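Encoded as structure tokens, the structure appears first; notes follow it.
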Amino acid sequence: MNSVQNFEIFAPKLIDRKEYISAGHRACQGCGEVLALRHILKALGDDVVVANATGCMEIISSGYPQTAWEVPYVHVAFENAAAVGSGVEAALKALRRKGRIADRDVKTIAVAGDGGTADIGLQALSGAMERGHDMIFFCLDNEAYMNTGIQRSSATPFMAATTTSPAGKAIPGQRTQKKNVPEIMVAHKVPYVATACPSYPIDLINKVKKAKEVKGPAYVHVFSMCPTGWRCASEITIKMGRLAVETGVFPLYEVENGKYRLTMEVPGKLRPVGDYLKPQGRFRHLGPSDIEKVQAQVIREWEILLNKVECMQPW
Amino acid sequence: MAKKKTEQKKWPEKWHEVNPGCMVFAAGSAANYKTGSWKSQRPLTDNAKCIKCGICYIFCPEACIQEVKDGFFEANLDYCKGCGICAHECWPGAIVMREEEE
Amino acid sequence: MIEIRWHGRGGQGAVTSVEMLALAAIEEGKYAQGFPAFGPERRGAPVMAFNRVSDKPIKIRSGIYRPDVVVVLDPSLVGLVPVTDGLKPGGILIVNTTKPAEDLRKKLNYSGKLFTVDASHIAREELGVPIANTTMLGAVLKATGVLSLAAMKSPLEHRFGRVAAKNMSAMKRAFNEMKSAKAA
Amino acid sequence: MGKRIGMEVAIAAAEAVALCNIDVAAVYPITPQSHIAEHMADIIHDGRIDAEFITVESEHSAISACAGASAAGARAYTATSSQGLMLMHEILPIVSAMRLPICMANANRAVSGPLNIWNDHGDIMPQRDSGWICLFTENGQEAIDLSIMSFKIAEDPEVMLPCVVNIDGFQLTHMIEPLELPSQAEVAKFLPPRKPFAQLHPDNPISMGCFAMPDTYTETVKAKETALINSKKIITRVFSEWAKRFGRKYNVVETYRTKGADTLMLTMGSMGETAATAVDEMRKAGKKVGLVKLRLWRPFPVEELKAAIKECKTLIVMDRAISTGGAGGPVATDIKSLLYGDKTRPRILNVIAGLGGRDLTVEDFVAMFEMAKKKKDETYELYGVRE
């Protein structure tokens, strides 16, 4: 999967040159999350309103008296981005109908980290998606509470060391498997669910544009590499995303009305998961048998996904 | 290049000068904050090797690499945090990172 | 001011009765309150509901503990709940029952004013169901004179629409068929 | 004026809000607020008003959705009670800090535990520092009038703060009583559509809900505090306009038979009417007693209260909530501290009563009066507790 070759054709010509999140934001060096956000916003254009959860993207972008946002933006709290987005969407609908704002489509998007999505924000997300608001929810998943200092979330992968799932002598890191929020969204019958990664920007942009076309709820789960939290070098951010995809740790796919489709080349054999784990300090404590355990799990999940791709019919 | 947008006339503000609800009316005004001071190394581009693919522009988390004349790309060092992604991802090897002191 | 306490079972429409009576009184230009006993009771459980009706504004927000009138919607409540508790001297007890008044007096150890009517029977005949709440309104109007039968027309129509007429005639029958028990 | 009609107060509160040209309502049902939620749904589903009804999955999302809607420029409404209000707690001060003029009805109910669905003021008291304008209603008519006025107050450019109208659960919400609903035309004249100070729209991309560093947070607190305190002026102005248009006069502090009274009772909410009847009875018996009723709880109307109690020797504050482990009832605690420096202040006694739906009759107010009068010190009493 050498997506780099494609860039000669696509990039940068097909990418909106306008920046919607300005330089001067305070994300860490090599932040994959703000890069994901940058391309999401490029794919959406001007006519959006952003409801953001408390988290890295909020803190790095909106310290009074400045904002990095070039689009209308609101932050209220940690767990309620989907609910705030619901209100924004309802208001835009009502005010447009009543002639109090311009008569054109404006898309509401909600943005949260993995904690604000899979943990504390899950209820609000479930409610908003079930109610069918015309809204895209973006989970920018860096696999832990990075904003507060790398504490584990339910999206933290098996065995990963965080400050609340440390690699101890008795318990070597995260004991549980990563919660699969895209699956939960499919179970909500959300018409468009996708996974994406900024290491594959064209794929990401295409998915965001597709999500924007949906009249109703859509969910995009974006793998957001975090050199700080994963304890790896900042320059390998993009490579880490690529490795996550190529090893099958984070497969890229989309689900349109229940029909699964892989949006990555399907390798004959996945790359060994060790290639992905080894550059990251959070997996440093893993011995060969641990890596085998992770490998077995990744293959099992991958096969389940392939099975769905093959068997699931659209609604 | 990020535009410079100014909203605050003076800083710090008195209590009655703070915008209601801490709203910020100048979009993109974070550009007033120069993150260039964060970097310990800076990207150097050898235009002879550059094929103008723009991958450095695409993968820059700061959005500080922009196209300049003749289709080459250049990092705005006012904002570049020196993460090194551009050098790492530049497959023709046109970008290298240099320590700031050098 | 007249204070009325209704006894029924959850689902029998005691709250509807107090609502109809309060709405009718207000429409007649009087002041009135109608409210349930604020409990967690579900269908079947003994419940209470209350009315206050007055010619002057009512400035009391408490429950009713010394009613002028007690209405028993369900015959099976007699002897089961203390329906005569707090009933004022000279107060009125109105019971939906098939039993003779003497039996009730004995069972309740009650010697005050007593009215009986077989409202379940009337309701079954007029409405097809033994739900006596609107029927018993007729008895209350007759026994207390608090409002005219005609005053009930508008709230009943508003609430019951097509079947309002049936409720009206059930109410009228109770008004006419209610018996005043002999003084003890 | 409109005709007097019989209506349940919760339904009337929803009808009143329907007259206010709201754009978005986000409501989660809870006893005893549920009739407001249900009737709001009826009104919107029948197409009687042009608004979006968001059937949120929790009160936390109700207030959050209102925040989003209000930030986008909508007139937003919610209603809740007790545990629901407690669940909203986190978002309440954010909404006021963001200067979003959301209006809310709170059907006052005790807080768990143990679970109790009945009336007291234990739910609103933990919210008193959240920066919301906090009004109390004594009867159904006030629930209607204050619900309508709350939007006008909240949205005033000098205020821009959220407002909660407290309607005692069951005692008021479930009461059918005579009420007057103003006409749609009259309300439209009184309350035009919301003109937001700022709103989320790509035509003017602003950022809302930005965070403040230690160099600014204190200034934002001062700004919110000042706006809340100054809102009293606007509240009074809106009350006068209401009186002019609709003939019903409201004051931030109401008085009843205070002339010549050496003892005053002080109540908030639906206790007021029963207490007034008790005052009538005690006056008949020759006791020099009167009544003060706080309509406005936040901002605290300290000057108006001082004026109302300046002639009395004893003030008996009836609290329907307790500050557990603190100085007694929250109303009395506030009054005591606000009058601390006042050399002419009356003796302030505090009776906590009517908790978790414990009924308060006319006789109870007389008994509380007698009990308080006998007190030697100024510590609080919990009325009616079985010893």
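Letters A, B, C and D name the chains as they come in the text, with residue numbers starting at 1 for each one.
Please note the rule applied: contacts are C-beta pairs under 8 Å (C-beta built on N, C-alpha and C of every residue); 3 or more make two chains touch, one makes a residue touch a chain.
Remember, predicted model here, so these are calculated numbers, not experimental data.
Chain centres here are C-alpha means, and the one lying farthest from subunit C is B. Centre to centre, using the average C-alpha position, subunit C and subunit D are separated by 35 Å. Separation between the centroids of subunit A and subunit B, computed from CA atoms only, is 23 Å.
Note on chain placement: the centre of subunit A and the centre of subunit C lie 63 Å apart, centres being C-alpha means. Rounded to whole angstrom, the centroid-to-centroid distance between subunit A and subunit D, based on C-alpha atoms, equals 43 Å. Annotation for subunit B: residues touching 2 or more other chains are 13, 18, 22, 24, 27.
Residues of subunit D found to touch two or more other chains are 98, 204-212, 216. Annotation for subunit C: no residues touch 2 or more other chains. Interchain contacts give a graph that is no line, ring or star and is not complete, per the touch definition above.
Every pair of chains meeting the contact definition is listed here: A-B, A-D, B-D, C-D.
Contact residues of subunit A toward subunit B in the complex are 4, 7-8, 11-13, 15, 17, 19, 21-27, 29-32, 34-35, 38, 61-62, 64-71, 198, 201, 227, 233-239.
Chain contact summary for the complex, subunit A toward subunit D: residues 46-49, 51, 58-59, 62-65, 67, 69-77, 79-80, 82-95, 97-98, 100-102, 106, 123-124, 126-128, 130-131.
Here subunit B touches subunit D in the complex through residues 12-18, 20-25, 27, going by the rule given at the top.
Of all the residues in subunit D, the ones that touch subunit B in their complex are 97-100, 160, 197-198, 204-212, 215-216, 218-220, 222-223, 226. Note for the complex: subunit D touches subunit A at residues 23-24, 26, 50-52, 54-58, 60-62, 64-74, 76, 90-91, 94-95, 98, 193, 199-213, 216.
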